[in-house]
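This structure is in structure tokens; I'll ask about it shortly.
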Amino acid sequence: MIKLIAKKLLRLFFILIAVTAITFFMVNLLPGDAAYNIAGPDSTAEEIENIRKDLGLNENVVVRYLNWLFKVVKGDLGESLLARGLVSRAIVSRLPVTIELLVLSVLLSLMLAIPFGVICAYKPGSLIDKAVSSTAFGMMAVPVFVMGIALIYIFSIHLRWLPATGFSPISAGIFANIKSLLLPAFTIAMVEWVPLMRVLRSDMITTLQENYILMARSKGLPAPYILFRHALQPSSLTLITILGLQIGHLFGGSMIVETIFALPGIGRLLIGSIFGRDYAMVQGCILFTTIAYVIVNFAVDMLYAFLDPRIRKQMVDGHG
Amino acid sequence: MSFNTLKHLIPVAWIKCCLLIGVAAFGLCGCSQDAPVSKSKMSKYGGTLHVGTETGFYGFDIFGPGKGGELNPSMATLNNLIQEPLFRLDLSGNIIPVLGLSAILSDNNRAWDIKLRQSVFFHDGTPFNADAVVLHWQRQLDPDNHFTGRKIFQAIQAVEKVDDYTVRFVLEFPWPPFLKLLSDESYLSVFIPSPRAVKEGTHNGAPVGTGPFKFFKDSPTDGFIVVKNHDYWQKGLPYLDKIIFRVLPDHQSRYASLIAGQMDVIYLDRGNLIQKADKAPSFFTHHAKGSGAEIVLINMRKPPLDDIRVRRALAFANYQKQEIKLAYGGILPFARHPLGEAFECVNDAYPEHDLEKARQLIADYGKPVIIGYLHSNTSRGKVIGELFQQLCKSIGVDLKLIPLPANGQIMRVLKRDFHLATWRILSVNDHGPQLYRSFHSKSPTNFTGYSSTLMDALLQSQRTEMGPEIRKEILCDIARLINKDVPILYRGGRRRYIAASEKVKNISDIAGLTVNMATAWIDSEKKSRIKTHKTVQKVVDSFDCPDPCKDFEDTDVIKAKILGTWKGMDDWGAKYKFIFKEDNTVRLHKTGRMKKTVPYEICSSKVYFQGRVKLVATPGTDKNKMEIQWKRDDIQGVVVFFKGD
Amino acid sequence: MSIPLLSVKHLTTDIHLEQGKVRAVRDVSFDLWQGKTIGIVGESGCGKSILCKSILKLLPAYAHILEKSQIIFNGRSINNLTEKELNKIRGQGAAMIFQDPLSSLNPVMKIGHQVTETLLYHLKMEEEPALKKAEDLLKAVGIANPSQRIDQYPHQLSGGLRQRVAIAIALACEPKLLIADEPTTALDVTVQAEILDLLDHLQIQRNMAMILVTHDFGLAACRADEIAVMYGGKIVEYAPAEKLLANPRMPYTKALINAIPRLEDPPHTPLQFIEGQPPNMMIPYAGCCFAPRCSLAGHQCRDQEPLLINDDTDDHSFACWNPLGKIS
Amino acid sequence: MDNSPSIFEKLGITFWLCLMWIVLVVLLALFADLLPLPGADVMDWDHPAAPPGTVGTLQSLIASDANPTEIVYFFGTDTMGRDILTRLIYGARVSLAVGLITPLIGLFFGGILGMLAGFYKGRVETIIMAVMDSILAFPGLVLLLAITFFLGPDLKNIIISLGFLTIPSFARIARANTLTYSQRDFIQASRMVGQNDLSIIIHEIIPNIFTPMLIYALLVVSYMIVAEGSLSFLGLGVPSPTPSWGGMIAEGKEVLEETTHVSLFPALIMFLTVLSFNLIGDSLRNLLDARGGQL
């Protein structure tokens, strides 16, 4: 077990170095650095050169990366070039938004994916299966940015149930907090539940062929009990894998939803700093999202063990 | 020669007072149900205003991103609430005192002595005096600080303290636009920050000024919050307790937030949304008229653009009217030169859209023309690119589109690595310095590579010409020369729009592109009257008066407001005169074209009548100003009319 | 006993596959009295398992029991029962154990839970007493230290133990009928005998009826009271065990009996086996389905289907045009 | 064998309807130039955002003296007055190219890497999977921006970069399936008879893992068609004037409430196509793995 964790940590380290290094070099190689943003359009080459010198952008890329890395090891993520504030503070202040949005959207997509996936697997090829699948693909065919606007029109303007934009922190009351995140989370869930439902349906169909399901039926247990208690858990391994990948991506990848709903999350911070070439901020965000990704995947591995005692045994025995 | 330009300065308090009286007498934007002053005065105070903006706030210290040139709309508005300049311009171009009281030009025209307002304090308690002004300017002028905004005020050599409440600006040469630029609210340079905050390095994130509102909090989750400055030097102001600015990047969700009642005021720059808001009875739009223009830079260093025939062909192919309509939804004025909507030059030599002439010129040139076009990678940028590509295709020019994000585009322009690039001429109170920087052959920011001895001479002479009429003519000459030699193409003028819920009162337009919210107040009685969007849509789409008219407006008040003669000019330069008569008819004149009398009808605070197009007049805040919307088929627009013969 | 516990009449089941329809069970009828065991014997693919599942209506969605079939359990026809009523019978009236003990236990559930869930659901027992009863059940099927096993997962148990657990689950609600579908096929020979002895023991103790499905004629012969031989979805011969062993009339039965290895055989006796392939049930065959493999088949066998007819005695029936004579 | 159903019956009517739709879309996309269409970039400025069925007169800008030809906009026009039907047909080229080629890149490279990882295990697996994880954790946007800047924003580069980003997920699936199969007896047996690794991979592994990979690829097809639209939203889409379905939806988003049809029709066509691809995938899965449901 300890060996396993050590192995995972080593891998985390490798991934962190690889991802931050590649990002750093790529963003640095993009034309037009932060100096152009600071100087503005009506500038001379000389002014740009001065700003670049002031910001230390004239140094070698490798040197700058190593400097950054050295500072990070000491716990200093540096200062933003554009916003002139601490990168760590900017990230921490956006963390609650991102995490809450993520949790809520994951919950919503599971609430859609699990019942529908189970029902479709129970009666594959039936009318309800076809209807659910078509609806699901229909939702996949609507890009997130259109889905978001459509939901705003429906729920904020016509029904006036939910706020259109903005984020209310928990300090404003848990109800207001959830209300402000419901639409964006729903927008994400509308797209993300589809693959979850599909893999669950497919795995569940396989599970329902298993003898132990036949055995459970021969015990005279009711169908819903068999589906959810006997079949769901062994059918959810692929679902968990996909969910892990989704969560990993959502940490920094919900920028479109964050833009539309004006949520101050990590995704928006990242895209803004990429376009502004705010290197320190980009690196801070990437560091955060990468760590989050790796942790989520580690959690997924742990969850496998929780869901399937056979894997648990393997891990404890050290064969993992 | 010595004269005091501020001889006839009207005390600012008096102006505000007039404004208030105007508001009380005529109601706001047609809401004739406003209670009399005495009654509503109490309710004017208090309340929180929610403002939705597109772009964020970069910080308030002069050193930092986006500080060199024009501030973005949200920054400009917010900054204007916290910090104050020495002077401002009113709508008709008069200079009004703010922190400065008067300005006296020296005999040699090379120094201004500015008297400062006394007993004004910054929000942190630091007194406002000559030291604060001098410190602020010396920071900018210090060459070691590499302040990118310095070039705008290049003519200023030094700023000195004369006594505690007098400062002297020393100029390198006689510089006529000095005071106008010093009143230009789109530059951070003109706002005076607290010396203590600057010294402590906190000003960038937590600005301290003398303005009606104080910085309270800036957080990504709660927004940028300013609160009432109870010790504001202008007694009785401001009315609001708090203003919260939130960044809502997406246009449609920003508009949705207004409709859903989450926001009271939003910035808008999408034609379809502005028109929607404009037509909705519960919302009002205001626009700030700017000068300058949306343009296309032509890199004259690169063949085939060094050939005047190719450039003129592009100018003839350019179809500004369509671009304004398709890319901007008809919200920008037509730009015939960069000097602004209000600046009129006769015979401006603007190359009108004419594909035939363009084809002829390209045929004359004889060689295939393949050029690249840098435009922004936004959805609007795409429309702009595709439109011009299509036009170029029709005259036989192969236009390659290169969509880039802002800094990529800036970089390539600065490196002179482009053929055509979308750009803008900043909206400023005086265009002399900017034109000089852009078109003088020796200027380092002459991106087009335009070089003409005549242009150089004109630019040089406008710089120091103190006679306003002569100088104006020189500027027009420059505009004509630009239109003739075509270093740039025009894509539209500049305007900024905001839409506000009807409960927000007294958001006034001020010169430049800044919208002033300092004197706004909230009419709490109007809060519950927001109609649902659907009904609004129905009324507006047909442009017909809702029948039966159930609204509670007193038609007589509206009628009293509109009776008389109104004049206006549309974006294509056609002049109109409408005479509203007592007998519910209106006489329509279009110069040299049309004369006819039609009936009008008053309903929902608006006046409906029909000429060759459907028209709706909306009498506004200003008793001498009125907006008239027109619509034919699916083309529509707004013309501002002014009272008078 | 005048009424049989289970009476199956004209049971016919179709299976709809992508490739077409298969009649897996054809017109099967038999009666089973309380306390008795019927052995159903046949090669793989002859429809034994489908028959068992048809009795409890545990068929997949693509299988279909024809209207004319009648299953009367405990004096009550289960043809038109709702799913809920069926579940009552499945859990409490009749239980089933399956061939592969590994796959018939849920790998992600603790043994205890799998044993108690029928108690909780059908008998509405509380958690505590249910667990107590589960331990008793495990003890009854011969599992040592049951309190420890209750917290284990199936993969932690050996094959024999798993089958014992499956039997414990089946017996939890004290069913009147136990359907054992090849209960020992996947087990070692030594364990097989233990399990069968256990089943015998429990059957006598609880006076259960049992359907014992197997492909091993010898096994059926020593454990069952009556034996039904299935071929091509049909019962081709049906008789009390000793009678059938002594006097098979159907050539197929004879061949099955011959295939049993005998202890008394001299060493190196070649193992008997039936030549040819079991019938492809997709293709309807006009005559006796065993005809293509039968050495005695004549024209009639190929053209006309033989019906299940009684022997001269009352309790021996077979379907054959050329039955074997009495073997002295 | 005369009564065994033909392949036509086995796959069912849905499959063939879907296939017909895909074939129709492909054919229209291939032969768009031969159809009597006004051209994807021709603008009718008199009828911007015209509703479906509007009759417009198209004054070709290129030949000034040409007679205005009358044209019916069956699906209406977009905000710039371009015929939506025409743009849908031309847009199919981009969307299909992105949707079909991208998963192929992922399938090929991801498949090879995943197989190697699953087959050799140990250090090879650790390294390959760590690299794959790095790609997954890497912000795709940065890569897309970099590609756009250095190689120019054209269709080929977008396909390559999107394809690159799909490699890890294919690799994961290939690895998981290879792991399962390489434990099986027949692989062990092949090893014992002395077959070399390459021939085991080619003859035993690839045929076995191909089906699940192909089915996943069909799901990716729909993802990629939609993803291309999201790139347009972020300003990284296919350069103008080439239309793409996603780009059209993005354009229509600006006027979603007033003129819904501008984004509704592309979304509808995309939905039908995505649905068709997935239903085809489902039918194939059922055919290859003939099991129904139970319970």
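Assorted remarks:
The letters A, B, C and D name the chains in turn, as written, and every chain counts its residues from 1.
The rule is simple: contacts are C-beta pairs under 8 Å (C-beta built on N, C-alpha and C of every residue); 3 or more make two chains touch, one makes a residue touch a chain.
Being a predicted model, the structure only gives us computed values, none of them experimental.
Taking the mean of all protein Cα atoms as the centre, the chain whose own Cα mean lies nearest is A. The chain with its CA mean position farthest from that of chain B is C. If you average the Cα atoms of chain A and of chain B, the two centres end up 41 Å apart. Distance from the chain C centre to the chain D centre is 51 Å, each centre being the mean of its Cα atoms. Look at where the CA atoms of chain A average out and do the same for chain D: the two points lie 23 Å apart.
Counting partner chains per residue, chain D has residues 149, 233, 250, 253, 256, 292-295 touching two or more of them.
For chain A, residues that reach two or more other chains under the stated contact definition are 30-31, 123, 149, 153, 214, 217, 223. Taken residue by residue, chain B touches two or more other chains at 252, 405, 408, whereas all remaining positions touch fewer. By the touch criterion given at the top, residues 52, 56, 58-59, 61, 64-69, 146, 148, 151, 204-205, 219-223, 246-250, 252-254, 256-257, 259-260, 262, 405-408, 410-415, 423-424, 426, 437, 444-445, 532-534 of chain B touch chain A in their complex. If you check the complex, the residues on chain C that touch chain A are 53, 56, 58, 61, 83-84, 86-92, 95-96, 98-100, 103-109, 117-118, 121-122, 153, 155-156, 166, 169-170. For chain D in complex with chain B, the touching residues are 41-43, 45, 48-49, 61-62, 64, 79-81, 149, 153, 233, 235-236, 239-241, 250-251, 253-256, 258.
On the side of chain D, the complex with chain A involves touching residues 126, 130-131, 133-134, 136-143, 145-146, 149-150, 169, 172, 219, 222-223, 225-226, 229-230, 233-234, 246, 249-250, 252-253, 256-257, 263, 267, 270-271, 273-275, 278-279, 282, 285, 291-295. Here chain A touches chain D in the complex through residues 11, 14-15, 18-19, 22-23, 26-27, 29-31, 121-125, 133-134, 137-138, 140-146, 149-150, 153, 195, 198, 202, 205-206, 208-209, 213-214, 217, 223, 226-227, 241, 245, 248-249, 252-253, 255-256, 270-271, 274, 282, 286, 289-290, 293-294, 297, going by the rule given at the top.
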